[in-house]
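After this come two complexes, each holding chain A, first together with chain B and then together with chain C.
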Partner chain A sequence: MKKVGLLTVLLTGALLMVGVFDFPAWGDPYSPANRYLSTHYVNQAEKETAVPNLVTAVLADYRSFDTMLETSVVFIAGLAIFAILRSIEGPLVQARKRTESREKRAEKRDAGGDGQDPDLIVQTTVRLLLPTIQLFAFYVVGHGHHSPGGGFQGGVILAAGLILVAMTFGLKNTLKQFSERRGLAFGSLGVLLFAGTGLLCALMGTQFLDYSVLEAVYPFTDEIMARSHSMLVVEIGVALTVMSMLYLIYANLASHGDMKKGL
Partner chain B sequence: MTLAQQAPALILLFPFFGALLTLLIGLYRRSWCWPATVAACAASALAAWSTVVQVAESSNALVTYRMAGWVPPVGIEFRVDALNAGVVFMIAMVSLLVAIFSRTVVINETAGKEHFFYTLFQMLIVGVLGIGLTGDAFNLYVFLEISSLSSYALIAMGRGRAAFSCFNYIMMGTIGASFYLLGVGYLYIKTGSLNMVDISRIMHEQDLFQTSTIHIGFLFILIGVWIKMAFFPLHRWLPNAYTFAPTATSALAAPIMTKVSIYVMIRYMYTVFDPNFVFGMGPRSDVVVWLAVIAMVVGSFYALAKRKLKMMLAYLVIAEVGYMVGGAWLANKTGLTGAIFHIMADGLMTAALFLSAGAIYYKRKSYNVTALKGMFQKMPFTMGAFALAALSMIGIPPTCGFFSKWYLISAGIEAGHYGFVGGLLFSSLVNAILFFRLLEYAYYGEVETPYVAAGKRGKKKGFREKSGRDEAPLSMLVPMWSASLGLVLLGFYSGEVIAFISRYVAEVQF
Partner chain C sequence: MDWLTMDLIVARFNYWVYIVLMMIGLYAMIAKNNYMKKLIGMAIFQTAIMLFYVSIGTKKGASIPILDHHGGEHGAGSAHIAGEAALKVGEAAAAFPEAAAAAGTTNPLPHVLMLTAIVVGVATLGVAMAVVQKINDQYGSIEEDEVLKRIKL
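For the complex of A and B:
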């Protein structure tokens, strides 16, 4: 069986290589991928959407539908972790009850929050660092359509800040501040903000996600600026979902699904 | 835009918003998840019907929807024609029926996680509907991701070996999706476009069909969808994954996920690529048809050998995939018509079978064949629906199974491929043996209490035998019977449906 597998891999690799010989030259400005649609995006994006960051323009406007669905992929990934790992009080947890006493003993042993004793240096550093991290994340989200950045990146940075807090101050304390239910609600609301913007466009009489009609909603804008503003709204939705879902995935994985005791 | 013009997008948006809102509602009130899901699925089915009507009424049998308002190759487009309108409607209907059915089983099998279950359930529907609707090759991949990811989670929520069989599925499914994505990448580097119709236009205009990149891209896309549909040598993940999944998951995934992959294959073969390209390359099509024959025979045989009802049905799904792939690769119009019609017929049949099997499991707590003994006295309505679906699976006239098989067999004769004809007849015979044996058990057998491990003091845990009739609740009977009667209805209206499909088939030049 191993040999069959090796043979398949070799065959696939060989096929891939055969295809590569036929590719356009590396970096060829006249290759189909550079000449056809990309030209349109490069030449027209700023005129049509008033967004200098072309990547964001393609991502959040031309192919915004893909991005909305990719955001929901993050949302689904988080929910999948919940569906599989999260232990809910009920028949499923009966078996775990037996091991609980052992856990309790362990907990008594290292009393003082969960995990190790709180470390003053680490905690102080995190206290100082966290606002900076979050501010930077807001910048990445908010400025995403003008400079490198965007909802996914900003959301990850925000989630990293939350995870840092959970690692230093204990998962239990962090969950008191940012509960599981709130995280799930934020995850859903983030996608809803994105899709809701699209639905609003549809309700106002154009296609789903066609931001140009939203000029009636934002003050002092024209059709093109409305696209730019909507991209910001949409990126905020993405950031909200990515942040809460990554944080909850961490919380689930770190606590073996019972949301009690983290790393 | 009027509401009717929004219909192609609404098919998808109802379950999408439904999923997001279901989670929000479910965080506070878990009992409201089911009504929310059913409402979203019902609205989606309504929108799907409206789209079908629009396609039928339009002169060129085409309804398009521009996402975000951009003109197609620049933006993403939904494209509904006579090929996918029926498939999408079937998917929406089956989802609605399974959603209604799921009321009691979800509470039983995934207690405390209903809100996660229903959110993922609707996301799976979104993914599969999107694959059916989109006209963009990359957008299709995103939907593939959504449907796969949510189906992994839904399958892993089952008990016993579910997690392990799901892991196998994740491995295979990820490899399949990667193959598809690589294939799309190869097409993109040669054409520079992602819109399916646009790719086709560029390939024709620049005569790219001779280049090896396009050949390899086609092959990779094909292998990707074959893994996703569990076509014969790549089918090993399917039986375990569908057997150990929760009842509602397998009833939803089995009818729609493999069928939509077959739709994707047909779409790529006939819309994106060209029949001359696909079949004009020596023995390739013959090899695929023979693989399909092996799939039918092997699937049927394995089904016959199994002792668990759900496992049998899972292997039958593999056999049915062989029918459709074979029909699509016979390279004639009758075969293509038969394959497309069979997508709809088989989706409904599989749904009816899995739903009635789920109802039997709900009452008997066992999938063993012996648990079927005497079921006609205990659950006459459930078994009635099961029998009707079984007849359609075998291919007996008033049901739609007969008509699709008729088309497929005559296509085999037309193409002179008697191996395919023989394989199909043989597989139908094996189906007949299998189902008549089950029905015989159910009709003549004595009721047998299935084996349940005895608890303390001989008390039987989790199973209470009731004397006399013990029928499944109405929330199960209604969808089950709707599916079974739908089979007869689709049989009666097969002329109209096939006339509708042939508006697509007529444009294909062999």
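For the complex of A and C:
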């Protein structure tokens, strides 16, 4: 298998290297990828949406359909992990679990219960760090139009904060604060916020996710600022979904699906 | 020989890096016996593709794709190209005036595509790890040959 693998890899690599002859040189501003569609984004996006961060403008406005479905993919991946880890077990697993729990009981008898206290220094540090992490995440989400940032990035930072808490204070304590049910609610709320914004546009008479009609909804805006504001709404939805889903993915994987004891 | 080193290796080094990384990932996916190592190979493969996309969007001497909110002074890229290549660039600029106006700012489109791909990649990697956990539950191993042996039993 190793020899076949090496041969395949070398062959594929050689073919890709032949393909390099036809690629444009690195940093060429007139390469095919930089000639057509992206020039419109660079030249017109700020005039059309009043958002100077072009990445956010393209992500949440021009390609919002794509982003909505990517957010759904993250949500569905979270649900899939629930389905995989909590599916009905076959006889093999049941037998193994029975012997395992018998062994565990014996271990507990010998050791006298598991009284593992998390480290005090780590706990104090996390207690000090967590508000800063979350504040920074809110900045990344809320200021994503004008500086590097956006819903995905902010959501990942929020999830990292939650995972940090789960690793320090134990999964059980964290789930008391941010339960599985609440995580799923936040996740679906995020997707709903995104799709709902799109549906509102459709109900008001234009295409799905064409934000410019929403000027009637927000006070004191014109068509351009309506697009900017809708991007913020949509990014908050993305951040909610990404945060709760990445946290739930961690919680499920670390506790083997039963949400009892994490890492 | 000079043409080979300048045009193929120096001017296109980003493609060489992505090919080497991608092949490392592919080899790990094919040849490694352990499922977790296969997943690590998949992650390396993904990273190679992200590198490829982002490197396609770069422009020499261009700034980040975040414009100055109040200035709006962009365009007229500071790409410094010397010699006979400059003539070619002049022709290209005449043929694609929109691209010439956008030459001062990096292409935002590959960044957008890869931004979502990274987060979705993490989520799907989680699904893959859940499947590996389930395989370990069911067969007591995450080595491919062991699992195959136990499936046949």
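One rule holds for everything that comes next: the second predicted complex is superposed on the first by the 226 of 263 C-alpha atoms of A that agree within 3 Å, B and C clash if a C-alpha of one lies under 4 Å from a C-alpha of the other, contacts with A are read in each partner's own complex, and residues count from 1 in each chain.
Please note the rule applied: contacts are C-beta pairs under 8 Å (C-beta built on N, C-alpha and C of every residue); 3 or more make two chains touch, one makes a residue touch a chain.
The structure presented is a predicted model; accordingly, all values stated were derived computationally and were not measured.
Peer 1: Can A:Leu253 be said to touch chain B (first), chain C (second), both, or neither?
Peer 2: second
Peer 1: After superposition on the shared chain, which partner residues are touched by A:Thr206: those of chain B (first), chain C (second), both, or neither?
Peer 2: Touch partner of A:Thr206: chain B, not chain C.
Peer 1: Could you tell me if A:Asp22 is touching chain B, chain C, both of them or neither one (first, second, both, neither)?
Peer 2: first
Peer 1: So in the superposed three-chain picture, is A:Val4 touching just chain B, just chain C, both, or none of them (first/second/both/neither)?
Peer 2: Only chain C is touched by A:Val4; chain B is not.
Peer 1: Would you sort A:Leu189 into first (chain B), second (chain C), both or neither based on which partner it touches?
Peer 2: First partner only.
Peer 1: Return first, second, both or neither, reflecting whether A:Val42 touches chain B, chain C, both chains, or no partner chain.
Peer 2: Touch status of A:Val42: second partner only.
Peer 1: After lining up the shared chain so the two structures overlap, which partner does A:Asn53 touch, if you call chain B first and chain C second: first, second, both or neither?
Peer 2: In the superposition, A:Asn53 contacts chain C only.
Peer 1: Let me test your reading of the model: by the given contact rule, A:Asp66 touches which partner, first (chain B), second (chain C), both or neither?
Peer 2: In the superposition, A:Asp66 contacts both chain B and chain C.
Peer 1: Using the touch definition from the top, say if A:Asn34 reaches chain B (first), chain C (second), both or neither.
Peer 2: Touch status of A:Asn34: both partners.
Peer 1: Which residues form the common part of the chain A surface touched by chain B and by chain C?
Peer 2: In chain A, residues 16, 21, 23, 31, 33-35, 37-38, 40-41, 63, 66, 70, 73, 77, 80, 84, 89-90, 92 are touched by chain B and also by chain C.
Peer 1: Could you pull out which chain C residues touch chain A in their complex?
Peer 2: That would be residues 7-8, 11-16, 19-20, 22-23, 26-27, 30-31, 55-62, 64-69, 72, 74-75, 77, 79, 89, 92-93, 96, 98-103, 105, 107-112, 115-116, 118-120, 122-124, 126-127, 129-131, 133-134, 137-140 of chain C.
Peer 1: Which chain A residues qualify as touching chain B in the complex?
Peer 2: On the chain A side, the touching residues are 15-16, 18-19, 21-24, 31-38, 40-41, 61-66, 69-70, 72-73, 75-77, 79-80, 82-84, 86, 88-92, 181, 184-185, 187-189, 191-192, 195, 198-199, 202, 205-212.
Peer 1: Provide the residue numbers of chain A that touch chain C in the complex, in ascending order.
Peer 2: Where chain A meets chain C, its residues are 1-2, 4-6, 8-10, 12-13, 16-17, 20-21, 23, 25-31, 33-35, 37-43, 46, 52-55, 57-59, 63, 66-67, 70, 73-74, 77-78, 80-81, 84-85, 87, 89-90, 92-93, 96, 146-148, 150, 152-153, 155-156, 242, 245-246, 249-250, 252-253, 256-257.
Peer 1: Over in the complex, which chain B residues touch chain A? Could you list them?
Peer 2: 1, 6, 9, 13, 16-17, 19-21, 23-24, 27, 65-70, 73-76, 110-113, 116-117, 119-120, 123, 126, 130, 138-139, 142-143, 145-146, 149-150, 152-154, 156-157, 163, 182, 186, 188-194, 202, 211-213, 216-217, 219-220
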